[in-house]
Structures are given as C-alpha cells and as structure tokens.
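Structures for review follow.
In the two complexes that follow, chain A is the common piece, with chain B as its partner first and chain C second.
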Partner chain A sequence: MATGMTMSDATLLRRLSTLLVARSGCPRRMRLFSSYIVRGATFEPPDVSHLADSARISLAPGEVEDFGPKIRQVIDWFGQLQAVDLESVEPSVRADAEVSMYKREDTPETFENREAIIRVAPSYDDPYIKVPKVLSKE
Partner chain B sequence: MALIFHRGIIANSQFFSRSSGVLFRRLRASRSCTSARGEGTANTLKEELIQVAPKRALEPNTHGFEAIIGIETHVQLFTLTKAFCSCPYVYGSRPNTTICPVCMGHPGTLPVLNSKVVEFAVKLGLALNCGLSMTSKFDRKHYFYPDLPKGYQISQFDIPIATKGFIDVDLPVEFGGGHRRFGITRVHMEEDAGKLLHSETGSYSQVDLNRAGVPLLEIVSEPDMRSGLEAAEYAAEIQRLVRFLGISNGNMQEGSLRCDVNVSVRPIGQSKFGTKVEIKNMNSFSAMSRAIDYEISRQVLLHSLGQSDQIFQETRLWEEGAQKTFTMRKKEGLADYRYFPEPDLPEVVLTKEFVDKLCQGLPELPEAKRRRYEKMDLAMQDVLFLANDNHVAEFFDASLENGADPKLAANWIMGDISAFLKNERLSITEIKLTPFELSELIASIKNGTISGKIGKEILFELLAKGGTVQSLIEEKDLVQASLIFLIVDPAAIEALVDKVLAANPKQLEQYRAGKTRLQGFFAGQVMKESKGKANPLVLNKILGVKLKGES
Partner chain C sequence: MPPPPVRSPSRLLLCHCRLPFHISPQTRLPLSHNSSVRRRFHCSAVSAVSALSSDPQIAPTDLTTTPPSSHILSIRESLLSRRRTAADVAGEYLDRLRRTEPHIRSFLHVSETTMREAEEVDRLVASGKDLGPLAGVLVGVKDNICTAGMPSTGGSRILEGYRPPFDATAVRKLKEAGAIVIGKTNMDEFGMGSTTEGSGFQVTANPWDISRVPGGSSGGSAAAVSAKQCVVSLGSDTGGSVRQPASFCGVVGLKPTYGRVSRFGLMAYASSLDVIGCFGASVIDSAIVLNVVSGHDRFDSTSSTHEVPDYASFLMSTDHFESTPLKGLKVGMIRETIGDGVDVGVISSIKAAALHLEELGATITEVSLPSFSLGLPAYYVLASSEASSNLSRYDGVRYGNRATVDELNSLYGDSRADGLGPEVKMRILMGTYALSAGYYDAYYKRAQQVRTLIRKSFKDALEKMDILVSPAVPSPAYKIGEKVNDPLAMYAGDIMTVNVNLAGLPALVVPCGFVEGGSAGLPVGLQMIGSSFSEEKLLRIGHIFEQTLPNYRFVPPLL
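After this line comes the complex of A and B, so read on.
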C-alpha cells in the first residue's frame, strides 16, 4: 500500500527524522543513559531507503543520497538534549509534566455526518470501503 | 526503561529492558487483593506441590520431548463506547455505520480514553493476581494495513497496566483432572482494528471499520502450558473469568475472545527453547487443543527425523477440515513497529482508592467458587459443572441459602434442570423455577411429604410455569383426592397397623420370638391396606412401637 506522494523537502525531512527518532528511541530525560548517549556521535548513518520504505514514501534516487546527511543533522539536534544535567530530575513515564484527570464517560454518541466520511473514501462499494487486494500484513 | 538509543538496530518488538529499580518501585502497586483476602499464600504452596505429580501423566506421548506453549489472548471489552471515541459498537451492525472521524483516523482528530476501559483493565489485572502499574502510558504501534485507519494501533508497549500474575485452573475430570497454575506475563489495553474481507471475484478487498477502535485487553501468558488440554483449559478459564467479571462476553465464535498460540518443543532436560511456531485460526477451545496437539506431533516428528531445521519461526493456520496446520507465511525477521509513546494521550494514573474500591467490588472468582464447593464434599465433576457458569453458581448458592442439601441441589441442577434447559434452549436465568422453590422441593421430598417421583413431576411444572411447591401439592390434592398426599396422620396409620397385626397373629408371634426382620412383612401389609399411601417414615415408627408390644 505505497502512497507515492511528492512533498516538500521540509515535510519529508520531518517525517523521516520522526521515524528515525521513533525507531531509535525517544530522547528521554534518562539520567542513567546520558553519559552513554553522548558517545552516540558514532551513530550509524540512517538507511534512508529502508526508512522511506517503512514510511511508504517513495524517493527518487537523488533524494535518497540527499536526505541521509540532513536526517543525521536533525538527530544531532536532538542529541544536544543529552547535555542537560538530569541529576535533580525525577524519571517520568512520558514527556508531559501535567497529568490530565479528565474521565470520559462510557455514553454512546452517534456521529451525525457519516455520509461525509463515506464521501471522502476514494472507493466505496456499499456498504464496504473498497481497497486493492491485500496479500499479507507488512 | 525501554527505549534507549539503539545504534541502527531494528527495535525488536518483544524487547523490554529492565532498568532503574527506582522507576519500577514507583510504578508498582502492592500485590493484588485476592492474596490479601488470604486465598493466596497458604494454598498456593500446597497446590504447586500437587501440580508436579499429575503433570507427567497427562502429557501426550512425545517421545522424550516436552512442549512449551504460550498463549496471547485478546478480549474485546463490553463497554458501550469504543476505546478512544464515543461511537457505540454492536456486533452485527451494518458495515461502516458505527464510525466517526476519530476512529476513522481522519486528520485533526484526537483520541480520548474511555474511563471504563481502565476500570475493566484493573479488574482483570486484580483477578489475574497481577501487580498493577499505578502509572502507565499508551504507545503507537505502526504498521500499514487497510483495516488500520490511522496506520498505527494505540497500544501499550513497555509499561502495561498489569504484569506478573497467575491463574489457577482445574483440568476436566474426564481427562484425569488436576490443578494447574499458569503464569501471566502481562495485561495491557489496546484498540481493535476493523474487518477485512475479500470479494468473491478476488480482485479487490473490502473493509468494514465498525470494529476499529473497540477496546481490547491483551493477556500474554507465561509459556507454562505443556499440552493442548492445558492450553484449552487456560483459555476456558480466561473466558470464565471475563464473564464472571462482566467485562466481556468472551465469545470465540463472535470474535470477542481470540487466542493466538505459540508452540515449540525441546528434548526433556534441555534448557534452550526450540523454534517457536505461531498458530492462528482456531475458533473453539477444542480446536485449540487439537491444533496444538497436532503441531506438537509435527514438530516432534521432524526432530526425530533429524530435520529440526525444517521447523521455521512462522505463522501457521489451523484448517478445521483437514485437522492440520498449514504455513501461512514465513516470518521475515522480526516486525519493526517503531513504537513510541502516544503523544495525544495523557498518562493513565491509578489511585489507591480507585484500586481498593474495585478490589472490594470483585465478585467471587471461579477458582474461589471451586474451592468452596469442594469443601462441601461435592464430587469434582459437580464442582466443575456448577462453577463453570456464573448464573448456575448463583442459582445453586441461592437454593442453599434456604437450607437445601448441596448434594441434592447439585443433582437436581445437573440432572433434570439441565436437561430441561437444553431441550427448551433456555438459560438458567430464564426459567420460572426459583432457587427458593427448588429448596422447598428438596425439603418436601426429604421429610416425606412427597415421593421422589412426584417431585420430578412437580419440578417440570415449576420449570415451565412457575408457582410454588406448596400450592402445587395442594392443587393436585384437590384434583385427585390425595393421590399424591401420603397419609401422615399417626392415628390413621395406627389404626391400619392394628388391623394388620390382628390379621396376622402367627407372624406377630414369630416376630416377638426373635424374627425381627418380619417388620418388613408387616410394613408391606400396611402399605397394601393403605393402597400405597402410608408415609413410610411414620409407618415404621408406629410399627416398631406396636410390634414390641407397647401400646
């Protein structure tokens, strides 16, 4: 299910680097690993074709070479966070400082404009959404 | 804690790194409430000792190999709305009707967690004797598939809501019985995907997204099962549990309970695990059992032929018709799900009050019921039957409240009442007979008011039409002039006894000379005189006194 979209450099860069960061692990306020990460300058160059494949983004051959160093740059920006001193910081489960205590009640609500959703499906074969034949999961 | 910088290593979807004890200490709740109730520790040791002996006897003949089986179960929750939006979900709805922009993954939408999901997850975690994570989070699990609208599934990766529990099961009596305890690795919350169907022509596929976003709980077991039987019983117990807790209807046919099994074999004594094979497409517990046993023998055979390298880490499908497993696809390396924390959802925080409240509200679980029924001296067969269905157990318990004898109540429920339910295709909650009336019926037979045979007739009436035992007895009395009602009046019986004794002086002399077994003869004579209506208990009492010569 490849989406062969073309998009601007910046968007591409953002998507690919998000992907790489996700793959490698979020930069966390992990005091335990900060010293380990500083040594991460020896991080391997990103396998851009593999990344693009995972994100279902098609790249022209020239773009593959182009994006390698650019993605590396983005990762290094994140790497700068490792210099922060975390001695006095409590480890946290996720990045958010606030915890939302909102509780959604289990009360059903039917969405009114179902037709609008169906209308934007590229191919609809009532009552199903039609898709190309699928062989196996990724 | 999980995600550190891997140097270009593909993130193994099964990888957890255990790190800072500080973090985990903060996260862990104290042990579950069932152990606090005193059920746990004393009995568990004894049960673990019992486990060892029968286990060997039950393993299929695997020629010196043992099977290692682990099960991943997905339980669809009974909530009124989906996990992250307020769409209702009704099984069998017309396709693509219970949808909204959130569960369709449209841009600009945000998920909002259904609080019931957390409640159900905690209940299950407690019932499975797990430690709870007082703070946990959601993660995104990325893969592309038409039934997954967002391109990722919201799940929990490295901090699941519950971990390290266990479940106790009793194996069916007809297969040798025995207790088992199986470990639970983790329980986590996630959302379901939609349904993918293939068109008749096969040239395209069809997607129904009604089910996308429905909350699931995934239960991962420790690889503790050793045979198809044990695996099937584990799954059956999970089903019992989710039904008892009221969090799911646990129906394998409808898809609200799905089990994926992992099977490997290794020579007994070897510590290294063999190659793991995943089996899917089993629609019932018996199918699970047969599929696993087949797979075990397939792997053992390959080992014995020296072809253990022909066992690949793959997914195989169980074909019910052929009664075999077939390759679905070979696993090309491990899947790269690119997990990262779901930025659109806040932490899931549990408070001690919340957990304690749920703890206290837990119903009596199947395991506790079985142990309680065992103490009533019921046969194991009866115990397993009664504790299998929550409604049956409730009916049984209610009838005991009025003083009915457990064995008799069990017999009635398992016998005539069950037969009726089966014939009429009813559940025990739908019959007109009340537990109170069942206990009345048992009492009436016990004290001799009616015979067992009459009791069965009355039961049938009560099941079909309701009413009370008393009124039915009286009713029939009116209609058939005490045909049912036995003569209990002592004076009337005395009169009959006197008559019989007077008519049989020779036997009376023989009795008084020592032939005491002639009492039976006299009893028979009195019965004949009363046309079978004399109450046997009263009769024998009076007869005994009269025969001895006291008046």
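After this line comes the complex of A and C, so read on.
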C-alpha cells in the first residue's frame, strides 16, 4: 500500500490495471500500480470535447468516442499520485538542483536567414503572414 | 544463458573484417589468469579495420570473440593513410542503406548531397589540413532535430515538407567536426511512443527480426546504426527513447546528463526531461560523438557550463587491461527491475552481465529505490503536461501544414486535427486536463514532488554505489502491432527508463546478451546509470564491459 494511505481514508479502493507486460507465453504479470480515490478528492472525469476545445484540436465525433475511455483510463491511473504522502516534499521544477547563472546579453540579433523563415510560411504577403479572418464567437 | 546467435556465411557481409596482422584472440589470456593481461588496445592498433572494408581478399577471422571496434577511428585511419577515400566510405554506406531500406525503412529522408560532401572531405585530406574528429563519418539524425535545408518533420504530418532555416546546435557541431549527415531517421511523432509505430509516415522494422519493432521513439536512429546504414546517429531521450531502442536493436545507446548537450534545435516534447543522445556500434564511438556535441550553448539556457572532458581519451589511454580492471567498483543492481513482470530471459541476461562485471572485479549489491514505481505515472503527467504546452506552436500559421478554412479558430483546430496523430492528440488532451484550473495541484505539482523523491532516492543510492544497473526494458522487442491499442501497456514498458529522466542522470545501454526470438535471437541491453555528469565513468565501465564480453556478436542477420 502506498505510504500515508490508511484504509479509513479510502472510500473506494480499486485495483485498476494489472497489466500483462511480458510477451505472450510468459505468464508473469506486472502489478505496477493500483488506483485509489481518496474521499473528498474525486475529480470530474475528463470531458474530452471540452479539452479538445481548450487545446484547439477539432476532434471528429468518432475520435471523441475512441479517445474518451483511453484518456479516462490513463487519468485514473494518474490518480495513484493522490495516494502518496507528499507533505513537506518540495516540488522539483527540473532535474538538477543548480540553476545556471549564465545569462546572455539582452541585445537583439538579426537572424541571418530570414528568407528561409519566410519561405516556410504557408501564406505570406510581405510583411504579413496571412491567416483567415476571425469570426466573432457568440 | 541463452545460446549465442547462429552465424551463417551470408551474414559475414555485415560482420567485422580484420587484417591478418591484428592481435588475434589467441594472444588474449583468460581473465581468470592471475598475471595481468596485456592486450594491445584494438583502436590504438592501427591495423584494426572495420566492416567497411570491401576488399574481398580479406577473410573474416574468428568471429566468436572479436569485440566491437571503433568505426570512427577506422575511417579516420583509412583516410589519413590514404588507403580509402571518403567517397569510398560514403558510397559503401549509401549502397548498404539503399539495399536494406526496403526492409527496415529507418529513414524519412536521405540526403542528396552525401557524395558531394564526401568529396569535400577528400579535398581536405589531399590539402593536408587538419581533419575534424568526425571527418567522413556518416551520421543519421533523428527527425525531431533540425537540419538546415533538410526536411525535419518530427515524425509528424503537421510538419511534412518543413525545412528548417537553421541547424540544431548538436548538428552544427557534428558538421563542424567533419561529419556528413546521411539522412533523417524515423521516429514516433514528436517523441511520443515506444515503438516508432507512432510515426506519421512509416513503420521501421527491427533489423534483428523485421516482424518486430526497433523500439522508440528513436527507433529509426537505432535501426540505422544496427543495420550499418550509418556509422553513428543522434536520437533524443525524454523517457527512454534512446535507451530502449538501443536495447531492442543491439547497439550502444547513450543518454547524457540533462543539460550536457544543447537542446537548441531539438523539437521540444517535455522541456524538463528532453535530452539529445546518441547511438553507436561501440562505446568508443558513442564517446567520440558525445565529445563533439556536448557543451554550453548560449541558445539553450538549460545547457550546462560544466566542463567537457575528452570522453574518448579515458578509453584510449589505457593500452592494457589488468585482469580485474573494475576492481573496487561498487555496482548496485536495482531490485525493482529484476522481479515480477520482467521477462525471464531478460533477467537472466542481466544477471549474467552482473556476473561478468564481478569477474572484472566489481562488487554487485542489490539496492532498492523507494518510490520507484511512482516514477511512471509522474513521468506521464509531467511529459503530457509539458507537451500540451510545447505543441501548441503547431497551429498551421507560420510553418507546417495548414488546413484550408475560412475562419481562424478552425485554422488552428483543423490544422492540428489533420496533422497530429492519435497518440499525440491524446497526450495533449491529458496534459490539458492535468494543467487545468483546479487540477494543477493534484497532478502536475504532485508529479513534481514525486520527482523530488526520485531524485533523492537515486542520490542516496549513488552515494553508496558507483553506478546502478538494470535492464533497459522489461522485455525484448515487441511484435509490430502488439502494443498499438493499449496505451497503458505501452507506457508500462518505460518503467526502467523514466526515473532516470526525472532525475536528469546520465545512462548508458550496452548490449549484453540475447533472448530467444527471430532467427538469431533478440538483443538485450544492460543499462548503467551514474550520477550527474559522470559520463566518463559510465563510458569507461561500459567500454571495459563491452570489450571483454565473451561469445556475443551484435550483428543482425542479413536481410
């Protein structure tokens, strides 16, 4: 059981995925994790359409159906992070503790190959990169 | 112990050939012999010749025990001695590439200027000027690393045809050292995947068994080196994407410390985890590439100012091995990686590798890393979250494929929907969820806290041990199609590698054995993990291990 997790705290103990990691023929299973939902910390399941809007990806209806269960399964699996006692553990933004003190001069430099940048723009009308109009959203 | 691979005459074309005057295996004393073993260091012996020799009179000598040699140094020697030209070398690699590509499909783009660049090298040789350390060396570059004027797609349709206006710093450094970029290698889209089946373009096959995957996401780079389509290659490693394919393809894979190599020009997947790494057929070749690409870069504020030693010199200056060259080395075998759920054949290979290290003088102790299994969900939270941010730039506006629509919002939505593959979309959505208001503390912040725990557990273990070892993957290469519909099953395979990225540590994977499968067995790699910026130690140990490993040839069956 994960550290800090007591039976009295759990309203629901659910062993999620015992996965068959090994190739077929090998009988071993890898119990990698269990999923716990701690009382008072249940979250809304992911609304795939809403997420797709936020991420600016136009999902087809078939994709929403297809992704939904897979995404929910992975997010549930992420849930085991809730069960660990992380009180007084500092979050690490990056891997190393030391921050490089090197800073370069804050002076602009002209990139030597602007033509190549412009060349890859899908629609360019000097000096603008053209995009379709913005229709007002009701 | 699994049987050594079966050799047949047709495989000799890909095997090492040696000139008669090299030190034959018979002069090597067994390691158990008490007196110190004097063996001419094969790469300082100028007579060492690699597989590049196309001279039909050179018969391969005993194939059972010759260790892998440095192709880079062989090429250099043959250019300087005028025995071969860079054009010869390039021609031979291009021939082999074209011959094997229909079966392996490791390249998304093959350079049109290889021969021209080789002729440039020949002119340089003729002029007597100094040659860079990689002069004439053919390099494959993973397609998420920008190469000026050469398509760089990141394995994604959204960047199909995109030609960057600049070279990544690592590529620039390779070119300055004289290397020739032979092409861009296939990969899982934007680095998201462990099989290379996630490429938007094609599936790469494992040269050891073309019904199997080469691993991912740097599958193309690993397969290309394994099939000798190029000498060395660059990859990227965010959660194991260099080390796992190295294990699957039987090549050396190096993941440097985070910050060792500039990420400028590497298409960002997860900025706090990404590193550029490399593949080679021998540890020395990986060390030479690391020398060239390492160092601080003002265009990458996360790159380290830590000095760059000459990594290859640690391997070249010793010209004899003591009978126990690793005496005094303390090696920790990570207990969580050799238990339940790991393929029996893999465990047996790793234990045999540990025995080999003991024969070389090291002491092996089992160590346990607390919070080990938490690393996997923490990694996927962090990686998906950072990816959802990093990939927002692919919107069809300034570069890449743009959908034809009337309205701006649809431009973003449709360009991304059309251009991005399903795994990428899913991870962006998961990351969007984990970062949304109200969920940040529960997921992203907690994952960062788990990262702190994992960093600490590695740090504690590496205070008692010099290096840690484990398998790189719980199994040998999967069949193509095996993991396609089950994301969690695919993620599970990363269990051995992700924690190293979370802690930012360096790791080296060296082929150490085989398990049953394919026509010649499937390779297994030993992962060695060191503390930050300890690449010289890892390379030295890996080199000694590799050079003394008996009975294995990591040359795939000829296709």
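In this section, the second predicted complex is superposed on the first by the 78 of 138 C-alpha atoms of A that agree within 3 Å, B and C clash if a C-alpha of one lies under 4 Å from a C-alpha of the other, contacts with A are read in each partner's own complex, and residues count from 1 in each chain.
Rule of thumb we're sticking to: a contact is a pair of C-beta atoms (placed from the backbone, for glycine too) under 8 Å apart; a residue touches a chain by one contact, two chains touch by 3 or more.
Here the structure is a predicted model, which means the values were calculated and not measured.
Enquirer: When the two structures are overlaid on chain A, which partner does A:Tyr128 contact: first (chain B), second (chain C), both, or neither?
Expert: first
Enquirer: May I ask you to decide whether A:Pro69 touches chain B, chain C, both, or neither, giving the answer as first, second, both or neither?
Expert: In the superposition, A:Pro69 touches no partner, neither chain B nor chain C.
Enquirer: For chain A, which side has the bigger count of touched residues, chain B or chain C?
Expert: Touching more residues of chain A than the other partner does is C.
Enquirer: Check whether A:Ser54 is in contact with chain B, with chain C, with both or with neither, and answer first, second, both or neither.
Expert: Both partners.
Enquirer: By the touch definition at the top of the document, which applies to A:Arg94: first (chain B), second (chain C), both, or neither?
Expert: Once the two structures are laid over each other on A, A:Arg94 reaches both partners.
Enquirer: Between chain B and chain C, whom does A:Arg104 touch in the aligned arrangement: first, second, both, or neither?
Expert: In the superposition, A:Arg104 contacts both chain B and chain C.
Enquirer: Let me test your reading of the model: by the given contact rule, A:Leu86 touches which partner, first (chain B), second (chain C), both or neither?
Expert: A:Leu86 contacts chain C only, not chain B.
Enquirer: In the superposed arrangement, what residues of chain A touch both chain B and chain C?
Expert: 19, 21-23, 26, 28, 30, 32-33, 43, 46, 54, 56, 91, 93-96, 100, 102-104, 111, 117, 129, 131-134, 137
Enquirer: Contact residues on chain A for chain C in the complex?
Expert: Of all residues in chain A, those touching chain C are 17, 19-23, 26, 28-33, 41, 43, 46, 48, 51-52, 54-60, 63, 66-67, 70-71, 73-75, 77-78, 80-82, 84, 86, 89-97, 100, 102-104, 111, 113, 116-117, 119-123, 129, 131-135, 137.
Enquirer: Considering only the defined contacts, which chain B positions touch chain A in the complex?
Expert: Residues in contact with chain A: 1-8, 10-11, 19-20, 22-23, 27, 79-81, 86-88, 94-101, 104, 106, 112-116, 135-137, 142-146, 159, 196-198, 202-209, 329, 335-336, 338-341, 343, 346-347, 349.
Enquirer: So in the complex, which bits of chain C are touching chain A?
Expert: These residues of chain C touch chain A: 148-149, 162-166, 258-259, 272-273, 296, 298, 301-305, 340-344, 371, 373-374, 376-378, 380-381, 388, 392, 395-402, 405-414, 416-417, 420, 422, 425-426, 428-430, 432-434, 436, 438-439, 442-443, 445-453, 455, 474-476, 478, 482, 487-489, 491-493, 495, 501-505, 532.
Enquirer: Name, in rising order, each residue of chain A that touches chain B in their complex.
Expert: Against chain B, chain A makes touches at 1, 19, 21-26, 28, 30, 32-33, 36-37, 40, 42-44, 46-47, 54, 56, 91, 93-96, 98-111, 114, 117-118, 125, 127-134, 136-138.
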